[in-house]
Amino acid sequence: MIEYEHASPEVRAVYDDIRSTRRTDFINNFWKALANDPKTLARTWQATKQIMAAGTLDPLTKEFVYLAVSVTNNCDYCLHSHTASAVTKGMTASMFGELMAVVALANANNRLANGYGVEVDERFRAPFGR
Amino acid sequence: MIEYEHASPEVRAVYDDIRSTRRTDFINNFWKALANDPKTLARTWQATKQIMAAGTLDPLTKEFVYLAVSVTNNCDYCLHSHTASAVTKGMTASMFGELMAVVALANANNRLANGYGVEVDERFRAPFGR
Amino acid sequence: MIEYEHASPEVRAVYDDIRSTRRTDFINNFWKALANDPKTLARTWQATKQIMAAGTLDPLTKEFVYLAVSVTNNCDYCLHSHTASAVTKGMTASMFGELMAVVALANANNRLANGYGVEVDERFRAPFGR
Amino acid sequence: MIEYEHASPEVRAVYDDIRSTRRTDFINNFWKALANDPKTLARTWQATKQIMAAGTLDPLTKEFVYLAVSVTNNCDYCLHSHTASAVTKGMTASMFGELMAVVALANANNRLANGYGVEVDERFRAPFGR
Amino acid sequence: MIEYEHASPEVRAVYDDIRSTRRTDFINNFWKALANDPKTLARTWQATKQIMAAGTLDPLTKEFVYLAVSVTNNCDYCLHSHTASAVTKGMTASMFGELMAVVALANANNRLANGYGVEVDERFRAPFGR
Amino acid sequence: MIEYEHASPEVRAVYDDIRSTRRTDFINNFWKALANDPKTLARTWQATKQIMAAGTLDPLTKEFVYLAVSVTNNCDYCLHSHTASAVTKGMTASMFGELMAVVALANANNRLANGYGVEVDERFRAPFGR
């Protein structure tokens, strides 16, 4: 893990941007680990900053989606860091409970659809060209 | 696939509830396939109806989460049926694009966190007792 | 896909063993595809033959387990070939329905356990040295 | 984690049913964590109780299937709790060994089938309408 | 799918870069689909171009890694596009066979390690700080 | 975990082969855990020895592929043991960084392809008969 003091100028520039974007001095371990590969650090931070910002979806909705993927993939680090992040953006215990319920339901129903080999209904074809 | 006309009273009761809950006559293939196992049909419909309804998370947010899981698990049927469902609840093409971007980002970052074996930061421990 | 007529002696030996073990002339596509890499064909057939045979678990139970994994991984070919195989060994539609219900439940509960970060109970430690 | 003493009547009712169904005073951590969301606790317990009971598949076979999914998804908690559960229902070390062998084989062969893009054989189509 | 003729200047710029980088006029469907979300198109192309280029790993090795992930995740499109790509860079049928064998082995052994709950050996700790 | 001193002749024979093949006295925990099921131990070692040896792909390339699968599946043990193994065969920190970047990219792009339901391009059909 690369601390700010021992970081190259290239890495420091990313750390500085993380700090000013998030208005905090705290750099979490994910970035300190990625700093071993400065190109991946810079690219991953740019992508994360761009994608997780407000757009047509608000930042909290994006955190829910991120958490849903992380729980499904069983990524313990991501679960902890994005739970913290979602709480900062307004997630309550009750919202977390509903989120987990949807994630569990989708994981179950995905397998029922696969296992029974359900064919896509004609009227479900098409939106967004698919 | 069990059509309404050939369904047992037990299965018909579920189909009737799907129709009245969704205000449509349409029963999609997922339920017609599950009807081969009436207990699973009834249990899955009850769970889906309860979980996907408005709560502290609104129904569209729940569809985003459901889609995120289905894309990650590569469930083609679920992707189609819940894209249709999300569109009904207000998802635009631009929202779908942002959703996919978050799903892709989370799937990438999950692997970076796993691969680098990033340790959970002390301050990320605790919310909701974990 | 390598047909028997165009197969090398090495591949034919495996096909012959598949036929005599299964008491059928039919060679399914999986083996014909693997025949492009004769070492993988031979090794995979040997492993499959040894593992799927009766042991302390009976062959039908093994098919249920194989199907559970294939549904979870969404492997369409495996789902079809091992459903056929399980039917030959006695799986009924009702058994298939219960199997799918367990697979869906486990996929859901796996995510609830992960998402809530549930700690392993002291008394669950130990069996088989873990 | 919600202990019995601090649980609401709604949660206590589920705990009481777990205790009487399993003939034990022990409530494992999974349920104590879910108790933070009483609806999910009740729904998950009802589903688990119904699905894991004896049907056309016996309870031990269902535990094997549950374990196969949990190993494939890498759910450590589920692996421990359902190994304990399976041992109670008669799983021996030798059965566990065979179970793991089938799980590993299926995970390997799933990828060979996907990677080679094997087409489903005509005669594997059809059982249970697929 | 957005064709070059109907693409916005922003999308055309990406298509032009794909064409000149790959020395071909051909734009494959992946990019035409992403063009519905120009930001994701640009970001994904930049990342792909940077990551898949020669570095301390050569481009063919990177294609093997990409294929290994795509087979494990069962992404049919990715499997086809990156098989084509790997063939262009020198992958032979024999290399593909060995690649699939490693992918299958790793997927099997991953589950044996998880299922037996194997503890990490002391001497395996440490490389790259983990 | 079965130590050499307490191992049956069948298990010892495998341990001896591991030692002589790898020119070390060290037997890592994976094999000691599998030794509880001697058939799986022998079969898994034979497969691993055969598949991971030099062929048309060199051993280091095979370790990269193995690691890519293990990171994607989140197998902590496999990640540690094969990182150690890859380092022995020449993997540098820079190679590891590039490897992780490709793994993350593929996991992201797999979901973009799935989520947008991208159709396979005509010219990507065919290599190796698919």
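To keep things simple, chains are lettered A, B, C, D, E and F as they appear, and every chain counts its residues starting from 1.
In the analysis below, contacts are C-beta pairs under 8 Å (C-beta built on N, C-alpha and C of every residue); 3 or more make two chains touch, one makes a residue touch a chain.
Keep in mind that what you see is a predicted model, and the values were worked out from it rather than measured.
Participant: Touching both chain A and chain F: give me those chains, sorted by label.
Facilitator: B, C, D, E
Participant: If you average the Cα atoms per chain, which one ends up farthest from chain A?
Facilitator: C
Participant: I need the pair from A-F, A-C or C-D whose contacts repeat those of E-F. Over half of the residue-number contact pairs should coincide.
Facilitator: C-D
Participant: Of all the other chains, whose mean CA position lies farthest from chain D?
Facilitator: The chain lying farthest from chain D is E.
Participant: Find the geometric centre of each of chain A and chain E from their Cα atoms only, then give the gap between the two centres in Å, rounded to an integer.
Facilitator: 21
Participant: So how far apart, in whole Å, are chain D and chain E when each is placed at the average of its C-alpha atoms?
Facilitator: Here the centre of chain E sits 34 Å away from the centre of chain D.
Participant: With centres defined as the mean C-alpha position, give me the chain B-chain C separation in Å.
Facilitator: The answer is 28 Å.
Participant: On chain B, where are the residues touching two or more other chains?
Facilitator: Each of 33, 36, 39-40, 43-44, 47, 72-76, 93-94, 98-101, 103-105, 107-110, 112, 114, 116-117, 128, 130 in chain B touches at least two other chains.
Participant: Which positions of chain A touch chain C when the two form their complex?
Facilitator: So the residues of chain A touching chain C come out as 67, 71-72, 74, 76, 79, 99-100, 103-105, 107-112, 114-117.
Participant: Taking the complex as given, what residues does chain B use to touch chain A?
Facilitator: On the chain B side, the touching residues are 26, 28-30, 33-34, 36, 40, 44, 47-48, 51-52, 55-57, 61-62, 64-66, 68-70, 72-73, 75-78, 80-81, 83-84, 87, 92-96, 98-99, 101-103, 105-110, 112-114, 116-121, 123-125, 127-128, 130.
Participant: Flag every residue of chain A that touches chain D in the complex, lowest number first.
Facilitator: 74, 93-94, 97-98, 100-101, 104, 116-117
Participant: Inside the complex, what are the residues of chain C that reach chain F?
Facilitator: Counting only chain C, the residues touching chain F are 1, 33, 36, 39, 43, 47, 50, 128-129.
Participant: Under the stated contact criterion, what part of chain E meets chain B in this complex?
Facilitator: Residues 36-37, 39-40, 43-44, 73-75, 128, 130 of chain E touch chain B in their complex.
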